[in-house]
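Alright, structures below, take your time with them.
Each of the next two complexes has subunit A plus one other chain: subunit B in the first, subunit C in the second.
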Partner chain A sequence: MRKYTPKDNVQAKAYYTDRFWVSPRVPQSPVEEGTHFAKVVETLGAQCKEAYIVDGQLVVHIDATENFNVMKTLKEQCGYTQCSEQSAVDYLAQDGEFELFWQLLNIDEAKRIRVTTRIKQGEAIESIEKLYKSANFAERELFDMFGIKVNNHPFLKRILMPDDWEGHPLLKTYPLHGDEFASWYEVDKIFGKEYRDIIGPENRDPAMIDRYDTKRFSRIGYEVPFAADYTDEEQQPVEYSDTFLVDYNKPSKTLDERK
Partner chain B sequence: MAQVKNKLTPFFENLNFERDDNTMVINFGPQHPSAHGQLRLVLELDGEQVVKAYPDIGYLHRGIEKMAENMTYNEFLPTTDRLDYIASTSNNYAYALAVEKLLGIDKDIPRRAQVIRTMLLEVNRIISHLFFIATHALDVGAMSVFLYAFREREFGMDLMEDYCGARLTHSAVRIGGVPLDLPEGWLENLAAWCDKVDHETKHTYEALLTENRIWRMRLEDVGVISKEDALSWGCTGIMLRGSGVEYDIRKEEPYELYDELDFDIPVSDRCDSYGRYRLYMEEIYQSTKILRQLITMYKETGPELMAHAPKYISASKEQIMTENYALMQHFVLVTQGMRPPKGEVYVPTESPKGELGFYIKSEAEPYAYRLKCRAPSFFHTGLLQEILVGTYIADVVTIIGSTNIVFGEVDR
Partner chain C sequence: MAQHQVNYASAAGLPIALTSVDKLVNWGRSNSLWPLTYGLACCAIEMMASGASRYDFDRMGTIFRASPRQADVMILAGTLSKKHSEFARRLYDQMTEPKWVISMGSCANTGGMFNTYATVQGVDRIIPVDIYLPGCAPRPETLQYALMMLQKKIRRESADMKKRPIQDLTNQKGPRKARLI
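Then we have the complex of A and B:
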């Protein structure tokens, strides 16, 4: 039986985890009375579902539909004039949701807030480009990398990947070396679909070793001319090599004689 | 009107003449020498004036954030070299600091490692600023500054090479400290280099440029960014301080030894390229000032270089070779990778280009669940679509040079 590999998360995983190992957590502290952050939480009122402090930064959980209003309050009433960063985390495999975060900066107080929320797959969020113009590029990247639609963005278009790309690279379902589409993209684009048979799919794994590729690899114990095709031939190894080299091209064991 | 490709009419792949409203669309880059890498800028021109600018990025996209999800924390560190490859130690450091905050060991870094790290950061800042002044002057047309500035930058890279063996992709910082102590004679070389940089900045670059009539004509009132725009577009670093906002993460949210060091944050309210140029020059003086203080601080430190956190960081080579338990832990850390606590951090640092931050979401696995690199140049590129409008094509090059974007970190 083939080994089962989950399709909803194809990223690298730990090959061994102790059964009884309990992971520690990054410490979270409550918001103390009388601080700057306490005032922020008070100003947000009911919009703030949960608030705590991690590493000196306030983390605020909000409703996804409220994001524009929350940012507006934070910008206009709390002095958070800069949106440093925004992006998403893919939790589709676990919860069917994306976690979104916005990282805001208050220049005068030197305080940072992280606003986080969760949306279901296929849901869109409201653009905050009207408040922070830095969201223009950041939201395009969000759309490009995760496929999350942003409403009322002035120019929502792929930014890092080509316009005619399929798939969103930072999803957990997207393999590191690209999918089927990625391996044919440049062949189709440069030569045309009719050359697929001649050229073959692009090798997007730079560590891959093809033992029949005589342009880039040599064979231990054999002298193979550059670009020679030896897929069918049974080559004679260089004589002296037989004594101490293992022939990796020969199958070590024949399981069934009839085949 | 669309162009027809045939033998009689020449086909200019970079020019597109729109006859209807008399504007011309040109492609600036992605291979333009002054596009600072792989920037493709689509400009709509009315005569020589830019009507619309559209920065098209992604030509250097290598998926570094994706790679971070598939590499253990220590494996990923050399990859951060490839973000801002002009000053790679600042990326290494920003990443290492983010992981240390995640692990909760950022307070346990030995004093000597802190001094060395801060030194390397400032050396990298000077290298990056020298690179800026060289290429910016070259873009604007001052060829000789490029040659002089690269000479001093070369000496700075020699210093980096003496320390870590690499000139461009340093990986000179480790999670938890630094791998090596300073080699013999390094501090003397550093002190000599500081004097040289100070001297050359004052008597060569500034003497050549600051009062130069052509330089001032090309830079003054070019690329004006108002304070509101700078904040709204997410400008950081000198782009922000050049617009009159006094904010430097080294001062406001100090990390490493910056709270013990005596240095000033130069601010300009000119809001133009000339003001930013002056800030770069001033920051070089401030960095050498910091380096001189660090040289004296180094002499009062103990020999430890890596933090003691056996759960996350391998013991010293000597311990691994002599103690069984240290060897076992080293084996586990190398084969499986460290497992940081569950949670998330966002750690900003002041890189030479601006705010370089790493957001790391950990699910207590050896691989980061999500790593977001907040690159300053990415947001400065976004700003181009607004500030280029209304300028003349000759100033476009000045403005791109003045934003000091590096495409390794724009595209990531």
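Then we have the complex of A and C:
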């Protein structure tokens, strides 16, 4: 039987795996009384499900349906006038959910807040473009990269990838080198699918050496005329070792077999 | 006062130089290579430096043109993303024959360090390339040298357009297989 490989995360993993290694966590501390952040948490009231301080900034967990109201409160009552960043994290394999976050900045107080929420795949989020104009592009990128629909967005369209692109590249299920569609995109678009055989697949090996390509590579060991066809010739490497070259197309070795 | 007298072969004292049409045409073509003003990424900065006064492309008859209709050379300077590949090919198609292509830098040659889903892995997948320039980014001297090599190449070519190989991908012998070793 073929060995099973999980398909929910096809992206490259860290090659170093140590079963005793514990990933470091940024320490979290509770919101202290009398601070600016305590007032913010108080203003939000029941909308705030959980709040703590990480790295000197407040992290607020909210309900996904209330994001517009929360942002409105933070902007109008707490002075968070800038939305500097907004995106998502793919936790689909782990929890079956996306984590969405909004990074807000209060210039008067020099304080930052991260508002986070979680939504399931296929669920949409409300646009905050009416509050923060910067959310326009950020939400388009969110849709482009994760496929998360944003309700009431003025112009929800892909922003980085071409309009006819298939797939959402920041998902963990999206391979780093691209899927079938991505690897043939420019060929299909410019020449048509029938040119795939002529142009050939992408070369993903940065150290590729083609011994029989006499146009672009000099022959190691002995010289041949430019553009000579040596494909039928039997392989007789002179002072040349196959083991010397590394096959980068082979998957990297798993150091810890138990993982 | 000159001590020698030039004995011109012709009557009326007019100087005559014997040459072939090929050489004359290629002399003109190779000494007025007009590249397209077309930068894709950081290599374009080096390309601009080559065009500016210190390295001075103008003295080689190389003047950047803002229209593909007036350009002879396309210098693909930088990373070509898949989204942009369609437009790069369109610009190439808009250039009039004869036309030549220089692929400048690692990204244009092979995709370079951008071994990702969104980058064309070598511009020769969509445009026939005459000269590949290594480097990340290549120095202006390298681009100058590439241009001189291109001039040499043009001088070797036949001036007759019909004798030039048709730059059509269907004309290739067989599938370009990505083989290892």
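Throughout what follows, the second predicted complex is superposed on the first by the 188 of 259 C-alpha atoms of A that agree within 3 Å, B and C clash if a C-alpha of one lies under 4 Å from a C-alpha of the other, contacts with A are read in each partner's own complex, and residues count from 1 in each chain.
Basically, a residue touches a chain if its C-beta (ideal position, glycine included) is under 8 Å from a C-beta of that chain, and two chains touch if they have at least 3 such contacts.
All values reported here derive from a predicted model rather than from experimental measurement.
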By the touch definition at the top of the document, which applies to A:Glu123: first (subunit B), second (subunit C), both, or neither? neither
Just checking: does A:Ala182 make contact with subunit B only, subunit C only, both, or neither of them? Give me first, second, both or neither. second
One more residue to check, A:Arg211. First (subunit B), second (subunit C), both or neither? second
Scan A:Glu42 for contacts with subunit B and subunit C and give back first, second, both or neither. neither
If we overlay the two complexes on their shared chain A, which of subunit B and subunit C does A:Ala14 touch? Say first, second, both or neither. first
With both complexes overlaid on chain A, does A:Pro169 touch subunit B (first), subunit C (second), both or neither? both
In the superposed arrangement, does A:Lys133 touch subunit B (first), subunit C (second), both or neither? first
Look at A:Glu223 in the shared chain and tell me whether it touches subunit B only, subunit C only, both, or neither; answer first, second, both or neither. neither
Touched partner set for A:Asp197, first subunit B, second subunit C, both or neither: second
Residue by residue on subunit A, keep only those touching subunit B in one complex and subunit C in the other, then list them. 160-162, 169, 174, 176
Which residues of subunit C touch subunit A in the complex? 82-83, 85-86, 89, 110-111, 115-118, 120-122, 125-126, 132, 169-170, 172-173, 175-181
Could you list, by residue number, the parts of subunit A that touch subunit B in their complex? 11-16, 23-28, 54-55, 57, 81-85, 87, 89-90, 101, 103, 107, 110, 112, 114, 132-134, 136-138, 141, 145, 158-162, 169-170, 174, 176
Per the contact definition, I'd like the list of subunit A residues that touch subunit C in the complex. 160-162, 169, 174-179, 182-183, 185-187, 189-191, 195, 197-206, 208-212, 216, 229, 242, 245, 247, 249
For the complex, which residues does subunit B have touching subunit A? 57-58, 61, 63, 65-67, 69-71, 101-102, 104, 229, 231-234, 236, 245, 247, 252-253, 336-337, 339, 341-348, 355, 357, 359, 361-362, 364-367, 369-370, 372, 374, 378-379, 381-383, 385-386, 411-412
